[in-house]
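Just so it is clear, A, B, C and D label the chains in written order, and each chain counts residues from 1 on its own.
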Amino acid sequence: MKHFDYEFRVRYGDTDKMGISYYANYFVWFEAARTEYFRALGLPYTVCEEKGYFLPVVETSAKYLAPSTYDDLLIVRTSVAELRQSSMRFEYQVFKKEDQSKAYPILCTGFSVHVFVDRNMRPCRMPEEIRGIVTEHRLL
Amino acid sequence: MKHFDYEFRVRYGDTDKMGISYYANYFVWFEAARTEYFRALGLPYTVCEEKGYFLPVVETSAKYLAPSTYDDLLIVRTSVAELRQSSMRFEYQVFKKEDQSKAYPILCTGFSVHVFVDRNMRPCRMPEEIRGIVTEHRLL
Amino acid sequence: MKHFDYEFRVRYGDTDKMGISYYANYFVWFEAARTEYFRALGLPYTVCEEKGYFLPVVETSAKYLAPSTYDDLLIVRTSVAELRQSSMRFEYQVFKKEDQSKAYPILCTGFSVHVFVDRNMRPCRMPEEIRGIVTEHRLL
Amino acid sequence: MKHFDYEFRVRYGDTDKMGISYYANYFVWFEAARTEYFRALGLPYTVCEEKGYFLPVVETSAKYLAPSTYDDLLIVRTSVAELRQSSMRFEYQVFKKEDQSKAYPILCTGFSVHVFVDRNMRPCRMPEEIRGIVTEHRLL
């Protein structure tokens, strides 16, 4: 698994008066995609938190190439682009499921960088268990 | 103080593709109004939580009489309609600030019922301190 | 089809500092459930809007019986409880998918009442086409 | 006016189960700050839209240096960092109002790039009227 595809529908409340998806919602979708990515690895993020590891976002960014709107069936293609001692970087591509086979379907690209912290919000090294699983699946 | 007026602007992201404020956001505004109501009583809700009292919502409702939209300057008029052993009920009226003096300006009415719980989410009696402050201000 | 089950995961951003799903989000989920209900009837809400029919909410309500939290797999069981000349009423029950077979699994109940309006937001009668489809499926 | 300070309170629903403000909400606050920036220039964004100019976001980014939480009184310091033929770039700094006089108070920095489009979402040149007002106020 080099990437994971998270599929969802744009909700009515995700749109704004311009008739398109409000820009901040893409970051909500990135987060939902991360959740499903971890689950697909066999490592639900809820389990990480139970073990005392948290992954707050330290940087995020998005470029908007084309709009989406209500009821669009979208995919957030998610991959881990970088693994460091105590941080990791996800990259995202958003496109319409129906455009999947076409030439330039990307609506939005983005990334997020996360650091590992413990229950007291102090930075810590990425647990070996997590590093192992993520590394293994990146190489498949 | 029989009621408290919370004033705010509708944000772009609060609207939907119908061009009006999305219905769920009124509940977010009710909550912001409750926060300012408690602060006006001299009893910030953050202090309640520090003391170990939480006030989850057990019921809420809204009627939508007329729409609002982006950049409207709205007021949520908030009052405490009921005080029981371990619960309280807020009522809300939303209107445009500019319509304040006109005849039928109400855009939305609503209410919320809250129970007092402790840190373990177990129901508890309303603390006397809170009852005292709320009662006193209702009578002014 | 007497009811329709909409299934989804609670997102991280849906929670609040109390550690549970923020109350206003249930109304967002109700709306997503309505969308899937219409699609299941063979009448996507996007098609209604293209034909010039809109269904703004005029009243909504929720009772919160037990909390949900991040990553819970929830179901919103949705049914049409009332059809009038120009309005309809949906009812909702929210429960955890894993609790489906247990005795008292309901986390939240709610309803919403909608009126039919045209492109100019003027009330209109429910189109026969919609009445037909909804009536037919209620009787199955 | 080289910059504009937008002041607001973090709402309960803006937090997540980590106890801090959810990362996507900073982009909602950036947008509210832009709205107030335009108003301070004497050019409400609603007027821009009435004249047929829209300013969708084409890129945005945020770095999170320290968390904020419920009821924090925050400031988004907003400035126009770049004016091009058909685009403009805003920059943001978020800090607690009470930290304003201290040494390293910044919680979050970010930017957003916007293009001018007409009613049909076609890119267009920035109207001279807007360029004039923004340029003038940047030089004060």
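Rule of thumb we're sticking to: a contact is a pair of C-beta atoms (placed from the backbone, for glycine too) under 8 Å apart; a residue touches a chain by one contact, two chains touch by 3 or more.
Please read these numbers as outputs of a predicted model, since none were measured by experiment.
Colleague: Considering only chains that satisfy the touch condition with chain B, which of them also satisfy it with chain D?
Modeller: Joint contacts, listed by label: A, C.
Colleague: Between C-D and B-C, which chain pair is linked by more C-beta pairs in contact?
Modeller: Result: the pair with more contacts is B-C.
Colleague: Which chain has its C-alpha centroid at the greatest distance from the C-alpha centroid of chain A?
Modeller: Most distant chain from chain A: B.
Colleague: Could you put a whole-Å number on the gap between the CA centroids of chain B and chain C?
Modeller: 24
Colleague: For chain C and chain D, let me know how many angstrom lie between their CA-based centres, rounded off.
Modeller: Once rounded, the distance between the two centres reads 34 Å.
Colleague: Which positions in chain B touch two or more other chains at once?
Modeller: Within chain B, the residues that touch at least two other chains are 12-13, 20, 24, 28, 31, 70.
Colleague: Can you list the residues on chain A that touch chain B in the complex?
Modeller: 12-13, 15-17, 19-20, 22, 24, 69-70
Colleague: In the complex formed with chain B, which residues of chain C make contact?
Modeller: Interface residues on the chain C side: 18, 20, 23-25, 27-28, 31, 54, 56-64, 67, 121.
Colleague: Mind listing the chain C positions that touch chain A in their complex?
Modeller: Within the complex, chain C contacts chain A at residues 9, 11-13, 28, 31-32, 35, 44-46, 70-71.
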